[in-house]
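In the two complexes that follow, chain A is the common piece, with chain B as its partner first and chain C second.
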Partner chain A sequence: MSYTLQFGQVTGYLPYLAGGAWISLQIAFLAFCGGMVIGLFGAMAKTFGGRALNHLVGGYVTFFMNTPQLVQIYFIYFALPDAGILLTSYEAVLIGMTLNAGAYLTEIQRAGFESVHRNEMEAAETLGMTLMQRVRYVVLPHIARVLFPPLSNQYILMTLGTSMAAIFGVEELTGRAFNVNAETFRSIEVFSLTAGLYIVVTLAATLLLGLFGRFMFRAKMRLY
Partner chain B sequence: MLGSILRHLAGAAIAIALLAPVGGEARTLDEILSSKKLVVGVNPTLPPLGKYNDKNEIVGFDVDVSQRIAEMLGVELEIVKVGSPDRIPFVASGKIDYVMGAMTRNPQRAKIIDFSVPVHTEVFGVLTTEGKPYKHWKELNDSSVKLVQVRGTTPVKFIEKNLPKAEVLLLDNYPDVIRALAQGRGDAMVDVVDFVGEHMNKYDVKWKVVETPVNVYFCTLGVAKGNDSLRNWLNVALFELHREGFIDETWKKWFGIDMLFSVSASPYF
Partner chain C sequence: MLARIVAEAPEFFSYYNIVFLLEAMLATFALSAVGCVIGFAAGFFLAVSRRTISVLLLPLRALTAAFIEMFRRIPFLVTLMMVFFVFQVLGLDISMFSVALISVCLIATAFIAEIIRAGLESVHRTQWDTAAAMNMNLIQTLRYVIMPQAWKIILPPVFSFFILFIKDTALASQIGVVELTYAGKVLNNKGFSAALVFGSILILYFILSYPLAKFGARLEQKLAAARNS
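Up next, the complex of A and B:
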């Protein structure tokens, strides 16, 4: 094999690719925040809700955790228009990823809810706190520390998962890498540079999340 | 001294032998008739011109046309799989009698091989839906226009250069692009329109091909340079196939739509 690496043809596209990485980060961040909200209410419903609510949330979680995310977004993007709901590429990907994240984050936060000691909850109840107050003042401070590591892992996974947005016409990092590849035919260079950008983006996120977790919640995070 | 000259001559002979095309001469019409076999190159990666069926045989428009041509000659048909880079060397070296596979005629290729009269056309143009006002592809160079294209294909570069103002949505494959147009996600697609016919037919949408295309390519049978005995006969055969409507029917059978820019039979060729 004799292949001459020529990064010079590709490095000119670095700002273009970095712009794509920014969109990837945006989608991951928004979907994660949305997913956290869904997950919080999902976990509350599963822990404190009645039987019907429990089943409803259980059905949602089971559905989204046991079907591929690609299929979910495909459904939202290409099947919903036949029912009269036409979403743009960005909206479809964001909604798909948010709903998917919501299911995983429901399960992660439910585990956190259950790790709160029963006595603490009863003590709060005795003090006359409402459900929302108990969640706000007792559960959240507790699970923030316990759940920080699995939550940041989920966030990293979601950042990498944004690559499938390219299939639906969102010009994020992977989509832009395909474009540059079609332009230059320098596949090894283009995709190694793209992989490098993903590593930079996720390592930076890991570091920031780690620092945030250490100082805010005294969570024991591994820093790189 | 003599030995040294001989060695040099031998070396030169080997060099010439290596440079000469392998496989030798193209077969004349007489040789094809006496061998009772017509050998045709078809590209199976260009459906529906050529593709593999579930028995792993090559079928398609090109095969049907060649089958008919072999019947007219009264010989057996043998299909040889060719790809885009090797198809011209195959015909130039006589491995196949003629080649198909969207064999567009152009002056560069005509220096190396000869072309028959056109078999079919390919329209590189604009596919849109009825009700859109476009009459000429250049009208698409407008910021209000949204084109839907397949990521990584050559028309994307064409658009960047010639229709820079249009917005472009890049999707993964042709079925997705046609679905997106049918669902109203964009206004038009710029590409070779003939090949998406089977996808277009899946939607209850009134399609329209913009009157002035970017280009029309004439696809022919490619024969070896100077093989006039075969080429002259093929031209007469193709005239008959056009006149009796066989080409148009076969096109409709495989592409699901009429040939967008029909090749009419001309008694002068």
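Up next, the complex of A and C:
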């Protein structure tokens, strides 16, 4: 084997790649927020909704949890234009990731909803609270502490998941790595640098989320 | 969209295409299953090596911790690309399937090692101390004391990781491994409408993953019941 690693050419692209990491975090954040909203309503529907609503949400969750995210985005990006819905690659990736995250976050939040004691819900009902008020003032403060660690874990996994946006030509971290690779042909250097950036970004996210969780909710979390 | 799907369906579900899709489905399953079996063996070794206490083995423990932390934080696509280019540089002529398999093994090792570590830690400390007091070595402790208690906790998450990876191997289509997603791309390039092709691919993944997920849920319930009694 006669291959010498040469990082000189590649390090010049570091700011470009770091910019890509920022876009990765953006996509993950937007999809996570969208997924949280879907997940909240999904969990509400599964806990308080009737039979039909329960089956509908259950079907959505089961389908999205049992098929790959990549193929879901393929379907949104390539098949929906047949039905007259044209999306840019960024939009398609974002919608696909949001729907996929919605399914996983529904499951996580449903578990939280079920952990709230029946008595508390009945007490709130006796006080004449509407469903939204019960969720807002009784359920959410209760489950925030329990759910913060699994939710932040899901956020980290989603940050890694954004790498598949590169396949659709979105210029986030992996997409920019493909670009740099095409310009320099220093494949191993480029991808090890990219891997390093992913490690740095997710470590920073773990640390920040861990500190936030410890101070805000006194959740037991690892900081590294 | 629907009219086009109906028009193309008879041609799409020809004998050749169905065999092609089933073979691709088998490749998807094999990639995940073989990767997870090897990942389990290697992950077990890593998890156990983190429990050693000898000073001489400190570098091993540090390396293991670094390996696990690293590969849990690199996206599968990037790992795939790195393995792909490393083998290209080494000049070894191995198939794309092997490249994907090695990537799956690397990631699975890191994730399963963490699951097994959690399982080993779930056994109470006094059990470890008692085994040490009875002059058992590490292997004996694991064989006779720890594993009989820990496997019920380890197995369900390992199984759900295996199901998770059936879906993640879709990314292997990017380097040209003929698995389910790649089969979909090939058929789409042949001119079948994307809605029909990727719709079928989604359903095939569902058929593969859903029974396994159901089985995993039942396994978890059974083992949880066995643990509490």
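Methods note: the second predicted complex is superposed on the first by the 224 of 224 C-alpha atoms of A that agree within 3 Å, B and C clash if a C-alpha of one lies under 4 Å from a C-alpha of the other, contacts with A are read in each partner's own complex, and residues count from 1 in each chain.
By definition in this document, a contact is a pair of C-beta atoms (placed from the backbone, for glycine too) under 8 Å apart; a residue touches a chain by one contact, two chains touch by 3 or more.
Note that this is a predicted model, so its numbers are computed, not measured.
When both complexes are superposed on chain A, chain B and chain C fit side by side without a clash.
Judged by the touch definition given at the top, the superposed model places A:182 against chain B, while chain C stays out of reach. Contacts of A:171 after superposition on the shared chain: chain B is touched, whereas chain C is not. In the superposition on chain A, A:19 makes contact with neither chain B nor chain C.
With both complexes superposed, C is the one of chain B and chain C in contact with more chain A residues.
In the superposition on chain A, A:78 makes contact with both chain B and chain C.
In the superposed model, A:59 lies in contact with neither chain B nor chain C. Of the two partner chains placed by the overlay, neither chain B nor chain C lies in contact with A:141. Once both structures are fitted on chain A, no C-alpha atom of chain B lies closer than 5 Å to one of chain C.
Taken together, the two structures place residues 78, 81-82, 166-167 of chain A in contact with chain B in one case and with chain C in the other.
Chain A contributes residues 1, 3, 62-63, 65-72, 74-75, 78-83, 156, 160-164, 166-167, 174, 177, 187-188, 191-192, 194-195, 198-199, 202-203 to its touches with chain C in the complex.
In the complex of the two chains, the chain B residues touching chain A come out as 151-153, 156-157, 169-172, 176, 179-180, 183-185. Interface residues of chain A facing chain B in the complex, by the touch rule stated above, are 78, 81-82, 86, 89, 166-169, 171, 175, 178-179, 181-183. Residues 1, 4, 69-70, 73-79, 81-82, 85-86, 88-91, 167-168, 170-171, 173-174, 180-181, 184, 188, 193-195, 198-199, 201-202, 205-206, 209-210, 213 of chain C are the ones that touch chain A when the two sit in their complex.
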